[in-house]
Amino acid sequence: MAKPTINVCLIGQKFMGRTHSNAMLKVAKFFDLPLIPVMHTIVGRNKAELDEFRERWGWKNATTDLKGAVNNPEIGLVDVGTPNNVHAEHTIMALEAGKHVSCEKPLAGSLSEARQMRDAARKAKGKTFVWYNYRRVPAVALAYQFARAGKLGRIYHVRAAYLQDWAGPDVPLIWRFQKSVAGSGSHGDLNAHIIDMARFITGDEFTEIVGALAETFIKERPVPESGSKGGIAGGASGSAKMGKSDVDDAMLFLARMKSGAVASFEATRQATGNQNANRIEINGDKGAIRFNFEDMNHLEFYDATLPRKQQGWTNIMVTHGGDHPYVANWWPDAHIIGYEHGFINQLADMMKVLGGKVPEVPLPDFEDAYKTQLVLEAAMQAAEQRRPVKLSELPQ
Amino acid sequence: MAKPTINVCLIGQKFMGRTHSNAMLKVAKFFDLPLIPVMHTIVGRNKAELDEFRERWGWKNATTDLKGAVNNPEIGLVDVGTPNNVHAEHTIMALEAGKHVSCEKPLAGSLSEARQMRDAARKAKGKTFVWYNYRRVPAVALAYQFARAGKLGRIYHVRAAYLQDWAGPDVPLIWRFQKSVAGSGSHGDLNAHIIDMARFITGDEFTEIVGALAETFIKERPVPESGSKGGIAGGASGSAKMGKSDVDDAMLFLARMKSGAVASFEATRQATGNQNANRIEINGDKGAIRFNFEDMNHLEFYDATLPRKQQGWTNIMVTHGGDHPYVANWWPDAHIIGYEHGFINQLADMMKVLGGKVPEVPLPDFEDAYKTQLVLEAAMQAAEQRRPVKLSELPQ
Amino acid sequence: MAKPTINVCLIGQKFMGRTHSNAMLKVAKFFDLPLIPVMHTIVGRNKAELDEFRERWGWKNATTDLKGAVNNPEIGLVDVGTPNNVHAEHTIMALEAGKHVSCEKPLAGSLSEARQMRDAARKAKGKTFVWYNYRRVPAVALAYQFARAGKLGRIYHVRAAYLQDWAGPDVPLIWRFQKSVAGSGSHGDLNAHIIDMARFITGDEFTEIVGALAETFIKERPVPESGSKGGIAGGASGSAKMGKSDVDDAMLFLARMKSGAVASFEATRQATGNQNANRIEINGDKGAIRFNFEDMNHLEFYDATLPRKQQGWTNIMVTHGGDHPYVANWWPDAHIIGYEHGFINQLADMMKVLGGKVPEVPLPDFEDAYKTQLVLEAAMQAAEQRRPVKLSELPQ
Amino acid sequence: MAKPTINVCLIGQKFMGRTHSNAMLKVAKFFDLPLIPVMHTIVGRNKAELDEFRERWGWKNATTDLKGAVNNPEIGLVDVGTPNNVHAEHTIMALEAGKHVSCEKPLAGSLSEARQMRDAARKAKGKTFVWYNYRRVPAVALAYQFARAGKLGRIYHVRAAYLQDWAGPDVPLIWRFQKSVAGSGSHGDLNAHIIDMARFITGDEFTEIVGALAETFIKERPVPESGSKGGIAGGASGSAKMGKSDVDDAMLFLARMKSGAVASFEATRQATGNQNANRIEINGDKGAIRFNFEDMNHLEFYDATLPRKQQGWTNIMVTHGGDHPYVANWWPDAHIIGYEHGFINQLADMMKVLGGKVPEVPLPDFEDAYKTQLVLEAAMQAAEQRRPVKLSELPQ
């Protein structure tokens, strides 16, 4: 008996296009879903690249006609994997066409665009999703479950950092260093993830950014000679000509949360020695958790309710099917999963929601992602205006 | 322009069938190959299970007619994912049919069957491969490259252990606990992997097993009520009836190698706290390496040629495309890969070899795997006969 | 031939009195010194406790007559181990008596007292020292040497945190929670150490505190029933009566340094799971270091000038005599040393300086420690006034 | 009120003489003891070295007259820190003089000497102690307490290794490489420790050595030019003349224990990258422990009785006074202790026993240490005779 299906139109075939295509290829092999995604149409701007991509990944159609594809009545879900500055255009077009929409993070390149998207989602009949994929790393989902089960108690500290080191002075001036395209630098790219993780795990909301510091360490970069080939740094080589980088290389901020917790955040692309150290530590009066994506199959948990003699950081390998979220769908115990599995897990949960079921842990929609965008904006204002900024000052 | 393809017939649709199918699904999406594998026929014994498997994974055909499938002239590669006791039958049939053959490890359940397979391979025109997948974990391939580049120097010690803990007394008497099917317990299952890894990384061969100890901690297990559903422990539940386990739960041995190195090996399924700790440490006079599959994206390297002040274990995250083996085909730096990627990397290398190219690091064929089988056999004899056993005593 | 000696007068016999006495007992057993400290006089307020302390540790004299002891012509070095609010009184008295002076950190409970001490030191003939003991943990001294040797290159980030978790709501209102005695809470106690370490390792100075956040999570604590018995938490038990804690439990701040580096600092006593996590990470364009006092015999070093294939965090066990600072005086390689050894190493260096020799790495004097005090003060003002504070705004 | 005292005569002023002197210097400062050791007489062969040692450490007397010192009626405890081949002579002399005796490990250089010592101890009125100091590392004592409390359950595996790497080919032919003095190489030096630890923690005894492998990697070494200056490698420099090393560089063996547990042991001085990796892992059906001396302030514990979701290795920092053994006598929580503290803890327990009190965890006497010697001997015979050796074959 054939399962119900939903046709997907994916916009964007770079790094994220590849990640999403892989998820669509695999999800129904590993999950028993109420609804199966079908790789219907891939949309992009470069026809030659697009055809090669279609061929490789098995998309049925490839087109540069964005509007036509999005409005195609056969399409049920529009998946937006484009740069931040066109999220609003693409997602609102799809919502107005009555489609379900999933969008890469952050929600938008600016708060006002994000608000437009959130408002469009409120009026639309389609459901919305945002690819905050780290929520669906099993260790992060387990942290969420522990927090919900009261294992952390009253939370004192959230301490999050997303450290990378790929952006040395030789890396060319790709779109990630241009404010007009990216909106911001490490802030929107990396802090967005850890803000979402902090909100997700704690269930708490930010009230104030107390201080913030943005820095562009490398102010001029070589202008790229050739186009981006995907990957974080785009794979482009630089010419002799130099151009100005106008985004933050690093962005740090201190914050307060509704519960009384204090929080610190840092995003940077110059933290030599850290390739993808997306890490968070949360200390409560009953327990604490620690996570670092570079060791993504583990969650560290400190249970302060155990007899003192036995207390310590427990390094939980989050790979036990039946006990740990998502992993029953994958391999035997301790047969490590990776980066791509977070996306597949998310797609599985999206299919569950669209098929009328409950996701393993909550999915972020535009409403939810707008709250993360408020924090991003408040932090940017705090850095620029050199003063504390309350979230209540911003348009809700 | 379409790439050349090769039709694959896979025998076995349990845990390994799933792993291999996933590799075939993904390999051409991530690697640029001279030859593309086509998922042509899946062979098994249970028609209902098989049809579901075909449907889910996208195999074109499913059949219980083993002979017909293997001899089908459309098939170019026969991939054997069945239990050890039928490896000889299945691979020899395929070799005699003129096919290329890949076989799950260990080569066979007994030395004499392994020798028949090796001999059949010598006479056949098809190429042979054995799924010692851990060779193609990037960190293990890097260890191989370091050793070849002389970074270890004269090797003193090989210290390998493959520790699991899934086989408590409640786990039912599945095929893995039956000598007639599995040949041995943890020894053939786990020691096989670390013997191959030791031979691969060092390029050295064993000369003598000096002492060996086999133990069956849990001598009786509940007879399974239902059939295995894949996974290591088979997912079966046990009945009230007890049956005898006649394989080793744990097998330890001490050995000498041609170069003068001494080696220790341990395989066990009762090492509480270790879910899949496939680990190896090699100490040479110029350097040392350490690997643990539970942290598979890292290789630890100790460079004893650095100034003493700077010496220490360097935890290399083996995820830098262009520098580390295989990873340029995957995700950006430090975007973790997992268990399944070893299989996909191996399939890519097999396609390279069959397409006339050079694999990233050497692939084990039946000739090579027979040498691992000799070590397994010598260790078993040493344990049973309670005496040192030289490899030269065994049929070469 | 007897070595020259110097008579020491130690003021304070609590936790720090014990630490310093141990250093004086051991230093000449392990180091070949130009000058030997003699345990001449211990000064305190409680005569009974003092006599017991003298007896146990082997001080020649014990007295409650502070002035007499400090001015005793036999005394060469006055060592001040009292609470922060009396540092100025005790050290200035000793400097005016022409003595050498060593003082526990932070320099003082307030900036103006610290300045008075610094000014007194400028006019005095005695030398001054401050017990920023972590400089003399071998791993931290090695980090200093690496930075001086150019192994970090241009520094982008300093990321320091000193996390403890002993101050739950049941811990009574000891002096550490009283602003009038301690000056501040975790800030002066813990941030003082990591500010000094950051300045020491980088050789750089702070220019601005960009944002700061102070929080008192536990606003009321039980009034102690009995006196402090030493140790961090004082060992006192609490009564039913509650009193107000008026110091920071946690203090976080963001800063800029002269070189262009950005820095973040955090001190807290409620970071569940961290007992004494004094940690610092410094990322430069040529390399990076990481240190955590909970693993104090190691320094992690990332050498970004190695071939990319070999790059990783090297966990250097800083215990190799002849290569690593201080350890030739202790035990064989990897025979771990502990907390107390930092103090003994410092005392050895103080004796070297007073005996006309060069210390292994630079010692902080009052001049130096005043610069740390400026950072502490600027951060406190930034937190209170909710604005960035430049160090140049403060009295130099 | 003065505490009772006991006069100590220490024989040997090299590495161990220094370690024991430090313990005697410090023990009464940190522990409240029923009996205080007094540093009465140091005995050695080189009068000049001895006088310097006496002066430095504060021994009252120094003499080369061994017999006179041991028989001096003022002496209560004779502490033997000499090489293994004279343990029997020195300890039996002291026992016959009616003294309490403590002896460095292993008990003796040969089984027959060990038996003579054990027999002498049985007849003597003095108490005996052996310096198996690692029992008194707090983490090891905690492992003992956990095992006694049933937290490990039925033990399946003991996996111990003591890995060092100091003995490269340039290290001269000091006494440690001479069988006539040392009895054996790494075996008696290092395996002795881990055999004792295994017996201590499990409370179990060995029944059979199933296989053993001894290897001398470096068969010739430079003859030393100058005398040993203490430390493991003796600090001597080598001449151009070469001499034969006739002890094991490495010794590995496999064993069975009374309870049915299987065990593996390895000692080596050529395990590049491991400076003092004295490590043990014990896997039971209820839990497991892991310890590595290079990280001696931690014990890893795996509690298999917790809900599966929370299971993992808990890294217990064994530094919480009141909960963890010995540490209440030292510094605040997580203020790391080191190698020397194991000796001081042992001396404290010895003083407790001699003062009529109960030690924190059991102390090894000659009776107990003879059982470790039986294991050492059986392993040596198994290696030499290339066959399994039952402990019951040896003189009990």
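Here the chain labels run A, B, C and D in written order, and each chain numbers its own residues starting at 1.
Quick note on the criterion: a residue touches a chain if its C-beta (ideal position, glycine included) is under 8 Å from a C-beta of that chain, and two chains touch if they have at least 3 such contacts.
If you're wondering where the values come from, they're calculated on a predicted model, not measured in any experiment.
Comparing the CA-atom centres of all chains against that of chain D, the greatest distance is found for A. Interface comparison, C-D versus A-C: the higher number of contacting C-beta pairs is recorded for A-C. Computed centre separation for the pair chain A/chain D is 54 angstrom, with centres defined by C-alpha atoms. Look at where the CA atoms of chain C average out and do the same for chain D: the two points lie 35 Å apart. Chain A and chain C, compared by their mean Cα positions, are separated by 41 Å. Under the contact definition stated at the top, the residues of chain D that touch 2 or more other chains are 313, 317, 320.
Against chain D, the residues of chain C that register as touching in their complex are 15, 19, 21-22, 25-26, 28-29, 56-57, 164, 166, 231-233, 275-277, 293-297, 317, 319-321, 331-341. Within the complex formed with chain A, the chain D residues making contact are 142, 298, 301, 303, 307-317, 320, 322-324. Chain A contributes residues 156-157, 159, 161, 165, 168-169, 210-213, 215, 217, 250, 252-254, 256, 260, 262, 264, 266, 268, 270-274, 281, 283-288, 290, 302, 304, 313, 382, 386-388 to its touches with chain C in the complex.
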